[in-house]
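Sharing a structure here in C-alpha cells format.
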Amino acid sequence: MPVTLRYPFTELEAPPEYRGLPHIDPKLCIGCGACVNACPPDAILRIDDYDRGTRKIVLDIGRCIRCARCEEVCPTGAIRLTNLFEAASPDRRDHIEVVELRLVRCKVCGNYTDFTERQVKKALQILPKEILEEEALEEKVFICRNCRRKGTVDATINATKEVVL
Amino acid sequence: MKELFTLAVILYFASMLVALIFKKNYKLSISLGHAFTALASLSLLAFTINAIPLALQGKAIDIVYNIGVAKIPFHIDGLSLILCFVLGALGLATSVYSPKYMEFYEKLGKGWLYIILYSTFVLSMILIVTVSNLFWFLFLWEVMTFASYVLMIWESEEEYVRKAGWKYFVTMHITSTLPLVIAVALLYAKVGSVDGLNFANLASLKLSPIFYVLFLIGFGSKAGVVPIHFWLPDAHPAAPSNVSALMSGVMIKVAVYGLIRTTCFILKPDVTFGYIVAVLGTITLTVGTLYALKQTDAKRLLAYHSVGQMGYIWLGVGVGIIFIAKGGAYAAFGAIALAAGLFHLVNHALFKGLLFLSAGSILYRTHSRDLNSLGGLAKLMPFTAIFTLIAAMSIAGEPPFNGFMSKWMIYQSTFLSGNGLLVFLGVMALFISAATLASFIKFYTTAFGGEPTKLTQNVKEVSSSMLIAKGFLASLCLLLGLVPALILPLLLSPGSALTDANLTNWVTTKYWLVMIKAPSMPLNAESYFNPLLFVAVFGVMLLGVFASFPTNKKLDEPWTTGEPVKMENYKLKAKHYYLPFEEYIHGLYHSGDELNKFGNAVKDALVYAYLSVAKALHRWAAKLSGAVTGIGKWYVSSVKEVYLDETALSPALKAIKASAVVIEELDSLNMLFTVALIVLAVILALMLL
Amino acid sequence: MMEKIIFALITVMIIFLLPPLLDGISRKVKAKIQYRVGASIFQTYYDLQSLLNMEPILPTERLAFRIAPYIAFASALAATLVLPFGSFVPVAFTGDFFVFLYVLAMFSVAMMIAGFSVNNSYTNAGANREMMLILSIEPVLGVAIGVFALNAHSLSIGGIPLNITFTPSLILAYVLLAYAVYVEGGFIPFDIAEAETEILEGPLCEYSGRLLGMFKWAMLIKRLALLWLFVSFLVLPIMKNIVDITTFTGGLATLVAQLVVLFIIYGIIAIIEASNARLRIDQAIRQNTKVFFAGLVVLLIAALGW
Amino acid sequence: MSAKPKLRSVWVFHLNTGACNGCDIEILDILTPFYDAERLGVKLVGSPRHAHAMLVTGPLTRQCYHGAKKAIKAMPPKPRIIVVIGTCACSGGIFYNGYPIYRRPESGREGCEYPRRGGIIELIEDLRDEGEYVGPVIYIPGCPPRPEEILYGIAQLLGLVEKKLEGEHYTEEVGFELPEAPINERIRLTLREKLRHVVGYFDRDKILEDFMELVKKAEESEKPKEELKKLIDEYNAKIRDVRISFCMRLLENEYWRVRDALSAGKEFVYWV
Amino acid sequence: MKYLEELKAKFGERIEEIKQLAHNQWLITVDKDILHEVVVYFLKHPEWKETQLSTMVGTDERPLRGKFSVTYWLSVNGNSDDVYIGIKAYLPADDPRFKSVTPLHKGANWYEREVQDLLGIIPEGHPDPRKLVLPDDWPSCVYPLRKDFHYSDSPQGEKYYPYREPPQGTTVHPIGPYHVALDEPAHFRLYVKGEEIIDCDYRGFYSHRGIEKISESRLTYDQICFIAERICGICGFTHSTAYCQAVEAAGEIEVPERALYIRTIMLELERLHSHLLWIGVACHLTGFDTGFMHAWRLREHVMWLCERLTGNRKTYGINLVGGVRRDFLDYRKEMIEDVLKKLKSEFGKLVDDLTSTKTFIKRCEGVGVLPYKLAHEWSVDGPLGRGSGRDFDVRRDHPYAAYGDLDFKVPVYKEGDVLARALVRIEETWESIWIIEQALDQLPGGDILAEYKEIPPYREAIGTTEAPRGENVHYVMTGPGNTVYRYRARAATYNNLPAVPDMLRGYTIADAPLIIASIDPCYSCTERVQIVDIESGKVRILKEEEFNKLSIKASRRV
C-alpha cells in the first residue's frame, strides 16, 4: 500500500490556496511600484530609463520569497501569486519577468517624467470626476516634477501623486 | 655434512676472534664479526638442507666433540633440524641486518663485546638443539640465558632496561634454571654419571611423573607461557631489535624444543600432560594476545604477541601429544597436530623476526617506537612497509602467507578432533586469530598508514642491507605459505618418529596441495587447501579488476566535514584502537593487573631473597679472592672504566674481584653476574661430583 | 563437460549479477514496509554503473588506500568461488570452511587497512568498529563451525551439509550460524561500521567514484557469499534426500532450491532491517558475547553427543 | 514523461550554506513516502566524495563559504552537478545583502542588475576562476520550494521533464486594460481595504467580486437597499459559510456608508 | 511586584528607575556596577525556582542618549506571577564595559559574547571571550550592530580558526558543518578517545545572516514579519508571532481576538509537524528508517493542511503586526478537523511502533543525560528543560495568543536523557491536538487584522512564544519612520546549544548525532540575521584599517 504520489510522472496542481510563482499581468500593471516598496527581499525592481523613456518592472522569481505582500498592495491586482510551482530551470534568466512601460514625456521640458502613462490613466480613473474637470487635469498631469515645481503648485496633482503612490 | 655443522661452529668462534682483533674499531669489528656469523648461518643452513633427506628417512646424525676435559655428544634428528633451519635463517637475516643497525648504538661502544655475546648466544642455541646430553644441555641453557641477558641490557643506562633485565634474569633462574637443575640433579642421582645423562640412555629409563612437572615449569617459563610470561614483554623490547628478533624468534622456541625433546622423546607422551599443554597454550594465546591488543609500544606489542603465538605452538604441540599418546587411529592425527605446532614455530620465528627487524628499522630512523606518534611511513619507507605488511598478514594468518597455513593446520587438528574441549580450544584460537589481526592492523596502520607526522616527516628508507635481511625473511614467509610442502615432511618427521602410523594416508603434502584427513571423517570431506591455485585465482581476478577499472590519481585533502583539522589530530591514536572492545573485556585486564600486582609482590620477595643470597655468595667470593685483591685493584686503577661486561670476559676470579671493587656503583648487576657464574659452577660441580 | 560449462555460466551470472539484484529487492521490500514505491529493483545496477564510470578523487597517496577496493573485490569473489552451486564448485582451491572464512576476511582487512590509512577520524572509526565487530562475532562463528565439525566430522563446505545428522545441537548451530552470517553481513542493526548518519559510511567515507563502486559491489558479493554458505548448509542436506545432487538435473534442481531459499532469506533480512535501529558498538559487542556464551552451551550439548 | 532518463542514479550531498532550515527539511521530505525521490534514483549520501550532485541551500554566508568550497572540491572531478534549492541559494533571498553574506567583489552588494545576484553562484564562479570544474547547475527557487518542485527540478536534471518557465519580457504592445468595476473605483478600493482586515488579502477579491455582482443587480432595481439585503440573504443561504456571510453583511453596511459619504461630497481619500 | 520592594531595600539608590512596559513586563534600570548582582539576585531567588535568563539585549543608544545599554531579560516561570523583568544598565560610549554574569550563571555565556562581537560591549571577566557570532574572517573592531555601520557593508579580515588545542592525546572528530546528521551547518569539534567523547568545542553561527541588522535598516515593521519567519524554517511562525507580539506590546496595538485564535491554531499545528519531524529525525539518526518514514508520512498531512490554510507549507506568511492575513473560512476548519482525526489514530500507532522497537529504545535510553542542576545552570528551554525536570512552559506561565483560555497539560520528565525528551515531545503532540480542538471550538468572530495609525518611536517591549524547541524571545525597540530601532530575536536553541557539550561528554561518537539532535537544534534560529534598507546602490568595501578608523571616528563623533 504505497502512498507515493505519481508526480513527476503525472501532472499535479497545487491547491488553490498555494502561494506559488508570482506573475505580473502585463495588461493590468501600471508600473506604480507599490510592490517594489513592499517586497521584503527586493525581488521586484523598478528600473527607469530616462533616455529611452521606459520603466521596467522586473520580477525575479528566483529572489521571490512568496510572501504575497505585492499581491496585497497592488492597486490593480496585476501581480498575483499563482498556484504554479514548477520553476526549476538551469538558466536563471528563465526566472525573470519584465514589464516594460512607457514613461510620460513632460509636455514642458520634453524630458521623461518618473511616472508611467498607465499610472496617469489609473489616477484619472480613481480621481473623483467631480473634483476636477478632465481636460484641465490632462494638461497638468503630463508635466515632470521639476517643471511642475517651477510652475504653480497644483494641489490636486499632489493629491494624484498621493493616490497613486 | 658433519663438516658443515662444524664449520658453522668454528665460524662463530672465528667471529668472536675477529671482533677481538678489531676491538678498537667499532664499525669494523661489528661488520667483520657479522660477516663471519652470516657465513656461519649459511653453512648451518646448508647443513640443514643437506641433512633433511636423512632425517626424512628417520635417521639422525651423530657428532661427538672432544674438548679435552669432556666429550660432548650431538644427535641431530628431524626435530633438531627444524630448529637448525630456524636458527640458520634468522641468524642469517640478523647478521645481514645488524651491521647497519648497530650504528644506532655506536655511542655505547664495545662492538667487539657485542659480537662475542651475539655469537655466544646463537651458538649456544645451535648447540642446545643439537646436543644429546642433558648435562651439556643444561650448561648451554645457562650460557644462553646469560648471553641473552647481557645483550638485553645493552642500553643499561636506561632505567627500564635495567629493571627488565633484573626481572628476566631472576625469573629465569628461579623458574627455569632451578627446576631444570633439580630435574637434572634427580636424574644424575639415578644414572650416576655425566655420560649417563645421554638422551638415549635416559629414554630407556622409567621415570616418575614429577619430571613432567619440572620440565613443564622449566621450559614453560622460558617459553613465556602464562602465568610465567610476565618477564617476556619487558625483556624483549628492552633488547636491541636484532637481539629481540633472535630472542622472540628463536630463544623461546628453544624452550619448545626442550619440552618436546624431554617429554616426548625422553619421557613418554602422555594424554593428561598433552591436555595440560594444550590448555596452557590456549590460556597463553588468549591472555598474551588480548594484552597485546592494548599495547602501543611497537616492540612491546610484538613481545606480547610472542607470548600469544607461543600459545598457538603449545596448543598444536599439546594436541599432538594427546593424540600421539592415545595412539591407534589417532596417532597419525597427533603427528599432524604436532607438525602444525612445529610449523607455527618455524613460521613464528620467520615473521616475528621480520617484525622485530621492521620495528628496529622504524626505531633506527625515527628514534621512536611509540605507535601514537608514528604515521605515514608507507610513503617514506615503502619497502619496509611492504615487508611489514607481509609479516603482519602472516602473523594475522591471512592466506596465502605461512602464518595461515600453520594456523589452518592447528584449526584442523582441534576442530576435527571430535573432542568438545579441544574444539573449544580451537574456537578460542580462532577468536584470538581475529584479535591478532586487529592488533597487527593497528601496528601496521599506525606506523605506516596516514600522513607523516611531525616526528616522521624527514624519515628516509633504511639501507639496502637491512632491507635485504627483511626481504629474505619476507620471501620465506611467502614461500612457506605458498608451498608448505617444502617443509611439511620435515615437520612431520618428529611425529612419525614417535608413532608407527603411516602418515601418507592421512596427510597429503604435494607441492600444490595440503590435504588432511581425520579419523571417522566421511568420504570426500577432507580438508584441503591449494595455496598456489588460490593465489593464481586471486591474482588473476585482482589484475582483472585492476585492468578493467583503472583509476587516476587526482588528490585532495581528507574530508573534514568542512572545517579544517590538523592532520595530526585527525587520526585515531594507537592507544584508542578498539577501545570499546577493550573496555568490554576490561575485567580480564583488571584481574590480570591484580594478578600482576600479586605476582610483582611475590617476585619482589623472590628478588630480595635472591639478592640476599647473591650478596652472601658475593661476599664469600670476595673473601675467596682476597689473595688476588691486589691484582684486582691494579686492574681497576689502570683501566679507566670498569664495566660488568668487560669483567665478564676476564678470568673468573679477576671478574669476581673487579666486581667486588666496583660494588658501590654496579651493585646489583654484579651480584647477578656473580650468581650466574656460581650457578654455572654449581651445575659443573654437581656434574663432576 | 557441457554441463560444467552451463553451470559455470550460471555461476558467473549469480556471482556477478545477482548481488545487486538482491540489494534492489531488499530495497524494494523495505520501501514497501515504509509505504513507498521505492527504487526500481534494478536501481543498484544503475548506481554501480554510474559509480564505476566516475573518476575517483583520492584523499591520500597511500597505495593501500588505492588498491584496497580491488583486493576486497577479488577476495569476495574468491570466497564465492569455493561455494557449492548445486553440486558445482567453480574453483575448488579449497573445500575448507576456514579458508573460506579467511579469504572472506581479506575483504574486511582491505577495508580496515584502507580505513586506517587515511587521516580521517570517520574512516578510522569505521575501520575500528568493523574490527571490533569481527572480534566479537568470530567466537560465535567458531562455535557454530565447531558444532558442525563435531557433528559431521568434517570441515569441508561441501562435506558438512552432506554428512550431518540432525540433532538438537545442530539445529541450534544453524541458529548460531545464521546469527553470525547476519552480523558479518553488516545488516541493520549491525551496520555499525558503515553507519551513515553517525560516521558517514565509515571506511567508505573517503572513497569516491570507481573505487567506491568496487567496494560497494564487493560488499554485496560478500553478503552473497555469506548467505550462500548458509543457504547451502540449509538446502543441501534436504536436497540430497530428494535428488541425486551429483547428476546434472539434480544439481540444477539444487541450485534452483538454493536460489529460492536465498531470495526468501534476503526478504526476511530486509524485513528485519526495516524494523530495527542500529545498535551502538558496545551494545553489539555485549549482545554478541551473550550469543557466544549461549553457543558454548550448544557446544557442550554437542560434545555430549546430542 | 516517458522519456528515457539521462541519469538513473543521482547521489546527492546536502550542502547548507546558512539556510533557514526550510529548504533542508523539504530536501529530507522528498525522501519520505509521499514523494519518495528514491524512485528517481536519488540517494542522500553522507560524504561529498560519493555524490554526483550537491543540493545547495542557503544564502552562502561568509562563515559557510570556506567549508562549502571544500565540500565542492571534495566531490569527484565529474559530474559535480549543483542543484540549487530555494530562493536564498538562487539569489541570496531576503538576506541577499546582509553583512555576513558572501558576495564576490565584482558582484557588488546592492544594485539593479537582473537576474538578481547572490547565493551559491558566487561560490561557483570563484571555483571556476580557480580552475575547478563545476558541472551543470539547476535552480529550483521557492521559499521553501514544495517537495514536488524539488522533484520536478531533479526530474528535469534527469531528463524526465522539460522546463516550463521561460523568461518573459512584456512591453506596452501587450495592451493595457483598466478593468471597469461595476461600482465606483474609489468605493471598491475602500471596501477592498476594509475586507483585508476582516478576511485577509487572499479571500477578499472573491468575496468582493460576488458582492459587486449583487450590488450591480441591486442597483438595477428600484429599491437598491432592500434589494441588496434580499440578495445577500439569498447568497448567504446558498454559501453557508459563517465568515463569508459576516463579510457580506459588513460590506453591505460599508458600501452604503461610503457611497453616502461620497455622494455627500465629503473629501474621502483612501490610502494603501 | 512585592519583590521590587525587596530589591529596592537591598540595592537602594543604585536602582535608577523602575517602569512597567507592558502588563507583564518591567524594566529596572540599574547602575552598571551592580548589574550582575541584580541579575543573579533574581536568577537565584529562592522563591522563583525556574527563573530563566530569557534574553539579553545590547543596544547602541548613542544617537539617542550617547550611551550603550545592555538589558538582561529574565522570565519568571513556575510561579503564579506572570512577569518578565528587564534589568538595564547604561554604559558610557567611550568605554562600554560591564561585569560579566557568566562566572555566576553559565547561561549568560553566549549573550555576552554576542554583544561583544556585534556591539563591541565588553563583558569583563568573561571566562571564554572568543568570537561567537561573526564570521572567522571578520575584521576585529568592526561592530555591525552599531548604528554607524551600514548594513550591507561586509569588510574582509583575516581568516583564522578559533579552536582550542585538543586535550592531550585526543583525536579531533569534527561533526559538521557538513555532516549528514546535521541539517544545518554547525561545527561540533569533538575531542575523542576512540569512540568516547572527552570534550567538545562548538563553532556555530554558520547561518548568521544578519537578520537583526537588516531588520533595523532595510525593512519596515510589516516586512520584518517575513524575515522573522525566515529565522527558522521549522518554527518560523513562532518567531513572527513573537515579533508581532513585541511590536504590538510596544505600540499598544489591540489585536483582534480571532487573530489570536488563528495564531494559536497555527502555532500548535507548527508544533505538531515539528515534533513529528523530530521523531522522524531521531529514528533516522539511529538507522531506523521505517520510523522516520512513518513519522514524516504523518507529518505530511499537517504540512498539506498548513499549505491549504495559509498558502505555504511552512513559511506561513500570515502574520502581520496587528493580526493575521488569512482567515479560517468554514471549509478550512473542516480540513483541520479531518487531519486531526487522522493524526489521532495514526500517531498512537506510530508511538506504539517506536516503543516496541527495542533497538531504538536501547539507543535512546540513558544517553545524553542532562541533570536538573545543569539544566538550570545553562537556562535550557523547552522539551529539553522539561525532559530534565524543569517545570515551565511559556504558554502556561506567560499566556499569550489565546492560550489563556485553553486547557492543557505540561509534561515533565526527570530522567534527562534522550528518551525523556522524546516522551515529552510525544506527550506534547497529544496536547497540541487537544489544544487545536479546543481553539477550533471556541474560535470567535470579528476582524483578523487590527487597524492602527502609527507606532510611537523608542518604546521597548518583548514578545515571547513557546516554540516547539522552547522559549522564543523577541525584543523590539521601536524607531522612527516605520522602522525598528533595535530588534533582537532569541530562539530556544540559543539557550539549549551551550549545554550540548555537557551532554556529549562521556558518551560515544555514535551517540553524538542523536544527542545533538535531541535538543532539536535549530541553528538558523540561533544564528539569526540582521538586515533592512535598499536604495543606496553603491558598493562599499573598505580596508580594515580604514574601517577601523572610521568606526573609531564615528564613535568619537557620537
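By written order: A, B, C, D and E. Residues from 1 in each chain.
As a convention for this text, contacts are C-beta pairs under 8 Å (C-beta built on N, C-alpha and C of every residue); 3 or more make two chains touch, one makes a residue touch a chain.
Because the structure is a prediction, the values reported are computed rather than measured.
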Target chain E, source chain C, minimum contact steps
1
According to the touch definition, list the chains common to the neighbour sets of chain C and chain D.
A, B, E
Chain whose Cα centroid lies nearest the overall Cα centroid:
C
Compute the centre of every chain as the mean of its C-alpha atoms, then state which one is farthest from the centre of chain B.
A
Counting C-beta pairs in contact for B-D and for A-D, the higher total belongs to A-D
What is the chain whose Cα centroid lies farthest from the Cα centroid of chain C?
A
Cα-centroid distance, chain B relative to chain E, in whole angstrom:
67
In whole angstrom, what separates the CA-based centres of chain D and chain E?
26
Between chain C and chain B, distance of the C-alpha-averaged centres to the nearest whole Å
38
In chain D, which residues are in touch with two or more of the other chains?
32-34, 36, 39, 45-49, 66-68, 71, 74, 77, 93-95, 112, 143, 146, 196, 201-202
Residues touching two or more other chains, restricted to chain B: which are they?
554, 556, 559-564, 570-572, 577-578, 580
Give the residues of chain C touching no fewer than two other chains, as numbers and ranges.
31, 34-38, 55-57, 59, 121-122, 124-125, 128, 196-197, 200, 205-206, 209, 281-282
Let me make sure I understand the interfaces: which chain pairs count as touching?
A-C, A-D, A-E, B-C, B-D, B-E, C-D, C-E, D-E
In the complex formed with chain A, which residues of chain C make contact?
31-32, 35-38
So in the complex, the part of chain A that touches chain E is made up of which residues?
3, 14-15, 17-19, 38, 40, 42, 65-69, 72, 81
The residues of chain E that touch chain D in their complex are 134-138, 144, 149, 151-154, 159, 177-180, 183-185, 205-211, 213-214, 218, 226-227, 230-234, 236, 277, 280-281, 292-294, 296-297, 299-300, 303, 307, 311-315, 318, 323-331, 445, 447-451, 522-525, 527, 529-531, 534-541
Considering the complex alone, what residue numbers of chain D touch chain B?
47-49, 66-68, 70-71, 73-74, 77
Chain A touches which residues of chain E in the complex?
219, 222-223, 226-227, 230, 297, 304, 307-312, 315, 317, 325, 534
